[in-house]
Amino acid sequence: MEPILKARGLTKRYGKVTALNDCDFELMPGEILAVIGDNGAGKSTLIKAISGAVVPDEGQIWLDGQEVAFRTPIEARAAGIETVYQTLAMSPALSIADNMFMGRELRAPGIMGSLFRKLDRPRMEKFAREKLTELGLMTIQNINQAVETLSGGQRQGVAVARAAAFGSKVVILDEPTAALGVKESRRVLELIRDVKNRGIPIILISHNMPHVFEIADRIHIHRLGRRLCVIKPQDYSMSDAVAFMTGAKLPEGVTEVA
Amino acid sequence: MSNDARSVSGSYEAGLKGAAEAVAEFHEPESALKKLQHWLHQTPSAVPMIVLVVALLVFGALADNFFKAGTLSTILQQIAIVGILGCAQTIVVLTAGIDLSVGAIAVFSSVLMGQITFRYGVPAELSIVIGLILGTAMGALNGILIARLRLPPFIVTLGTWQILLAANFIYSANETIRSSDIAEQAAALQFWGYSINPGGVKILYAVFLMIALVAIMAYVLRHTAWGRHVYATGDDPAAAELAGVPTKKVLVQVYALAGLFCAIAGWVMIGRFGSVSPTASTGQLGNIQSITAVVIGGISLFGGRGSIVGMFFGALIVGVFEMGLRLVGTDPQWTFFLIGALIIFAVAVDQWIRKVAG
Amino acid sequence: QDAVSACLITKTDTNPFFVKMKEGAEAKAAELGVTLKSYAGKIDGDHESQVAAIEACVADGAKGILITASDTKAIVDSVKAARDAGVLVIALDTPLDPIDAADATFATDNFQAGLLIGQWAKATLGDEAANAKIAMLDLGISQPSVDVLRDQGFLTGFGIDTKDIAKWGDEDDPRIVGNEVTAGNEEGGLKAMEALLAKDAGINVVYTINEPSAAGAFEALKAAGKEGVLIVSVDGGCPGVADVKDGVIGATSQQYPLMMASLGVEAIAKYAADGTKPAPTEGKDFFDTGVALVTDKPVEGVESIDTAKGTELCWG
Amino acid sequence: MEPILKARGLTKRYGKVTALNDCDFELMPGEILAVIGDNGAGKSTLIKAISGAVVPDEGQIWLDGQEVAFRTPIEARAAGIETVYQTLAMSPALSIADNMFMGRELRAPGIMGSLFRKLDRPRMEKFAREKLTELGLMTIQNINQAVETLSGGQRQGVAVARAAAFGSKVVILDEPTAALGVKESRRVLELIRDVKNRGIPIILISHNMPHVFEIADRIHIHRLGRRLCVIKPQDYSMSDAVAFMTGAKLPEGVTEVA
Amino acid sequence: MSNDARSVSGSYEAGLKGAAEAVAEFHEPESALKKLQHWLHQTPSAVPMIVLVVALLVFGALADNFFKAGTLSTILQQIAIVGILGCAQTIVVLTAGIDLSVGAIAVFSSVLMGQITFRYGVPAELSIVIGLILGTAMGALNGILIARLRLPPFIVTLGTWQILLAANFIYSANETIRSSDIAEQAAALQFWGYSINPGGVKILYAVFLMIALVAIMAYVLRHTAWGRHVYATGDDPAAAELAGVPTKKVLVQVYALAGLFCAIAGWVMIGRFGSVSPTASTGQLGNIQSITAVVIGGISLFGGRGSIVGMFFGALIVGVFEMGLRLVGTDPQWTFFLIGALIIFAVAVDQWIRKVAG
């Protein structure tokens, strides 16, 4: 089977810091791929390079076998890659509904929409409310509330709901449950399964080992700016994975490159 | 081996079964005061409106001639140009930018419209179109420098302000085109200076134009995707970019549209002043005047917050203060002094009401 | 180095008056083979740019400087420094304070210019002058000297007590409806006139600092249906004289900036050639380039020229 | 034993939202008190009210038996309460060392310090480096690096190190491990124990149940803006706690107030 | 029951034993170019310095008289006042503020020093102290309005600019005090106009004062806690407040200190121009000039980033351009035009070098 998303030799330097160092990457169709690694290992930089938020200094990326070079997240989105960034990417002063539809707003039917380009607020609000309800985020009282008035966890929920609702080829989630409560985290995991069941592959960055081992089909272990190895959760224990990613042990057939 | 994972989460997530799904709702006593507070909070242009009403009442009490229809319509016509420049300034400020060149674009556009007609013998209507296009181009130049080269708006427009103003003087050779010549040969240039006179009160077309522009922009900013993108770009440009807003494109469009508004203001200037003068004070002061209107109107200079209707009230507040103080009879230096004090006072009241309204 | 180099420093370079002055100087300089560099203040009353300009001229080795000072007292030190460096300094349009701070002065008497239009307005109104309602459209709140001199000259000519002659706006004569500032352009003139009309619709005499502001004031009066109001002004530029001809302005005091400028350039060329400095007009401590009242409605007792003559002499 | 920190009837409204609703609170000397609850339950608002970052609309607070009313975080800090906020409170453009010592900078010895008020950069940098090493955050390459160039997890590490280093009466941590990796989270838990061993009580907000049950002496369960109950980890299972905080079950003797 | 917790974490954290402790280090080829880039990145004032050097070389080639000691010292004395106002503007801009009133405070302070001496017969030294105190008070007023009432700096200083300028004209009755009178009766007022003349090149005391103030402030901002607090306040005020910076106090102090600098600039103005003139154009243009210096110097208008040494180079760049263009003999409108273009160009170069140095 061909990978749906493939990268080779990705390198990204920030001044003196090399955040990505000749990194390879593969995502198979329909799978949930977890990416784990220490803080600062370069996981976020990797998915930013894939989703167009950062232009890598070197390296190539293929989507569905076609070489691609996204220069902006908009291009990646147009190609069907939907991302929840660690920093969430919300406009604080705008409402939840506005944020969910940012960049792909719905227009009112008829002449108001086509000529006067009026937004279809009721439809957007209804859709946003549904998606949040699915995530159990109905504790949000008002869909027109500004995002800045939400708690950290609520904000994260909104971002995840947005990506899940719109992703068509690949959905990327950078630590989607970091700020979430037990209940909300569970909902996100269920949502990830839903997305997978729709046939869409998912990249999940997480520090939560139980979650990762529960849900991932394969685990990409990232260390010092590059892929150390890819393991199947059935083949290794959580403590092995932790040992690999922290450098306590080396997986077979890999010699660490300092 | 992954079964340990499942059991781990399972070990406590069992507690989730039957978790409450109810929305945490807090029912407040909905007193009239609460409702008012809520409304103030939801309507950013309400506060400047209140300040305006108070100012009207105060000056009405102080100066006999204030509450005459003629005086009020004079105030409106005096703020017509600032109001249109304020539309330009509003969209720029909403993107967390600032445009110091608005006045220069307006004056240069008016000079271009006049000179193209009189120097090259182009029909006035065509000159107007050319002037509007050139004004838009000047704005777009700002936008390109800001969006593509990522230069700070303040410094870019500080530069283009000087450049355009100098170009304006050089091109026009400091020559004024006289009102009577325009009226004879190119009446279209003076279109916005015409008026209707219901019941003897003169209201310039320019006033209607300003109100129409404010209304249109209020709609565009509130009810179209583009408007939302303008807000998002100003709110947090990095986030907007990640969320899929083509922020660079939006910025170029915003500055170009601002340029168009300025060129319209330039056209209105001809109607209003009769003549075409490269030395019009708007070139020097238009930026400060429009920014003042924007800020008194409650629009945040940090972008993303505020409404264009607030700007309109802001412009009106300044107009009312200026006219009111003149009628009360202060000397120009004291007027200048008091307007400074009143600007601060208006914003302080705004801030205070917002705080009380929580 | 053969070419004589000279500097022209004007108050601003946007006011047509100074633009024409510069053109006159440039034409004369080209004729005499003098290299002329021009400088100007950025805004009305910009004294510091003028100091910087003098310093640049000295650094550049100029033989002479022609200056229309924004602040006639404050510039004196810089002028002295330039003269100490061997540069001939000629004040144009506005005498320095003290007048002998410059090597020579080619100027108009701005107070006289104001006085003429004041007398004319008074004579034109006749007995009505006692009940006149006067709008005063001045230049700026910083009250540069030309602003004060023209304003107070007009009031003196009209027979109104000026109180402190060094300041406008302190008069308490009830005939004055109010003072407003115009920045010397149409926009300012219009807005100022609108405001004063709101204050008192019965205004029948309008003093304006210059002709552009007079044109703006006329637009406001026209819009208010008061086209018969008497407007007086100062300058004598060609559009201004045309406005007198058209009846927009009743009378204006004409000055001669081109003459000042070309005389100044000639003086510098002469000084560079043989070291002689120009002499003042007899009986005055400066060389008076004169002022003439232009109107098509002459009045008894005030000397004036008509617009035909004015158009002949006008400066642009 | 008297509580070191006590609050009664705290209420805080944000416009229409009541984030704290007549909430009580108690912290005993020397204990680790965990605060758990759903997203948006009002946990962050509670600790902001205690640490002076938010002034409650109603209610009283006692520190060491003395009633206090902090109007700014500086006042609370002066009283010995050190807080890691969920939003971290760092100046992005300043260096790690500058951020750690913000508001309590060290001055150089001798006349340079007393008269010329020169900062003792070397000492501050040494101290910062030590504290970060304790946390295992030596992956930070340069102590003079601007905070904005750190990864999310690294930033959180710096904030925790700051609070642990300076807290004298109470240390408050709002989700300190949310963005941290496995290794780094473990270090933070160890650090919390160290702080406790120094006799300083700690308030820990966390969504990580295993961590909470491992380390807490008592658990304050927050629900709908108020304290639902306080339990001991020995007395209840994790799933009970989760059930309480999500409203699936009610603890004995408590009748839910909607 | 809590033993299940321990076992849960234990279940995978066992893997941590023996985890690597090494710092993730990436050794780069340390080429000379890389080193240069790194230095440019670390030294925010380097870029304006480079622009300055290039400007010097270009004008040196174009104008014969440019590279004379006299010309260069003239440039320095011409930027002395802007440089000192720039110190005031720098600290304000570092807090993400803006001070439009700097010029007005300077002019009003100079008028106060002069009038207090001449109108009330106070000894010049005492008048200077009073003037400095009053200038500081004007700045503090800005600070209080901004910090306590949380009003936007732009609008507050826009207001005080007008208020102080009007007060200045009203109080002075537009009267200039002559240089010769001051020299006779109150020579201390002209102190900064004195000069040393090594090798016949005149260097004003004012120039040394400006350089000293820049050096002192560079030290204060970089090496004292207060300086760090200024940066933190501008960087993210909410975070700084939470982290324990008394941001309100810092803001009041910053604006008060800015007021003091402006008053010093006012004193210097008397020395430089000899006379005391209420119409000095610094009152109108000082704010734009100082902001231009600050921004060309690479200080971010959004606060928290940049160095005061950069501002100094920024002021020098403008001074060199103005003098250079004068010597080359461009006409004033073209000078105005070119300075506008060069402002944009300087910032574009700055941005470009930063990007390349990334």
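Structure notes:
Chains here go by letter, A, B, C, D and E, matching the order in which they are written, and residues are numbered from 1 within each.
As a working rule, a contact is a pair of C-beta atoms (placed from the backbone, for glycine too) under 8 Å apart; a residue touches a chain by one contact, two chains touch by 3 or more.
Values in this document were obtained by computation on a predicted structure and should not be read as measured data.
Contacts with subunit A and subunit D are shared by B, E. Taken together, subunit C and subunit E share the touching chains B.
A comparison of the A-E and B-C interfaces places the larger number of contacting C-beta pairs at B-C.
Ranking all chains by how far their C-alpha centres lie from the centre of subunit B, first place goes to D.
The greatest centre-to-centre gap from subunit E, using C-alpha centroids, is found for A. Our note on geometry: subunit B versus subunit E, Cα centroid distance of 30 Å, whole angstroms. If you average the CA atoms of subunit B and of subunit D, the two centres end up 44 Å from each other. Subunit A and subunit B have Cα centroids lying 39 Å from one another. With centres taken as mean Cα positions, subunit D sits 72 Å from subunit C. Counting partner chains per residue, subunit A shows two or more touched chains at residues 15-17, 40, 87, 139-141, 182-183, 209-210, 237-238, 242, 246.
Residue positions 13, 43, 141 of subunit C are each in touch with at least two other chains. Residue numbers of subunit E whose C-beta contacts span two or more other chains: 4, 8, 11-13, 15-16, 19, 24, 165-166, 169, 333, 336. Chain pairs that touch one another: A-B, A-D, A-E, B-C, B-D, B-E, C-E, D-E. Those residues of subunit D lying in contact with subunit B across their complex are 13, 15-18, 21, 40-41, 209-210, 224-225, 237-244, 246-249, 258. Residues 4, 8, 11, 145, 149-152, 154-156, 158-167, 169-170, 288, 291-292, 295-296, 300-301, 333-334, 336-337, 339-341, 343-344, 347-348, 351-352 of subunit E are the ones touching subunit B in the complex. Residues of subunit B that touch subunit A in their complex: 1-2, 4-6, 8-9, 12-13, 15-16, 19, 21, 23-25, 219, 223-226, 228-229, 231-232, 235-236, 238-246, 304-305. The part of subunit B that touches subunit C in the complex is made up of residues 65, 70-71, 74, 77-78, 169, 173-176, 178-180, 195, 202, 269, 272-275, 277-282, 284, 322-323, 326-327, 329, 331-333, 336. Residues 8, 11-20, 22, 24, 26, 28, 38, 41, 358 of subunit E are the ones touching subunit A in the complex.
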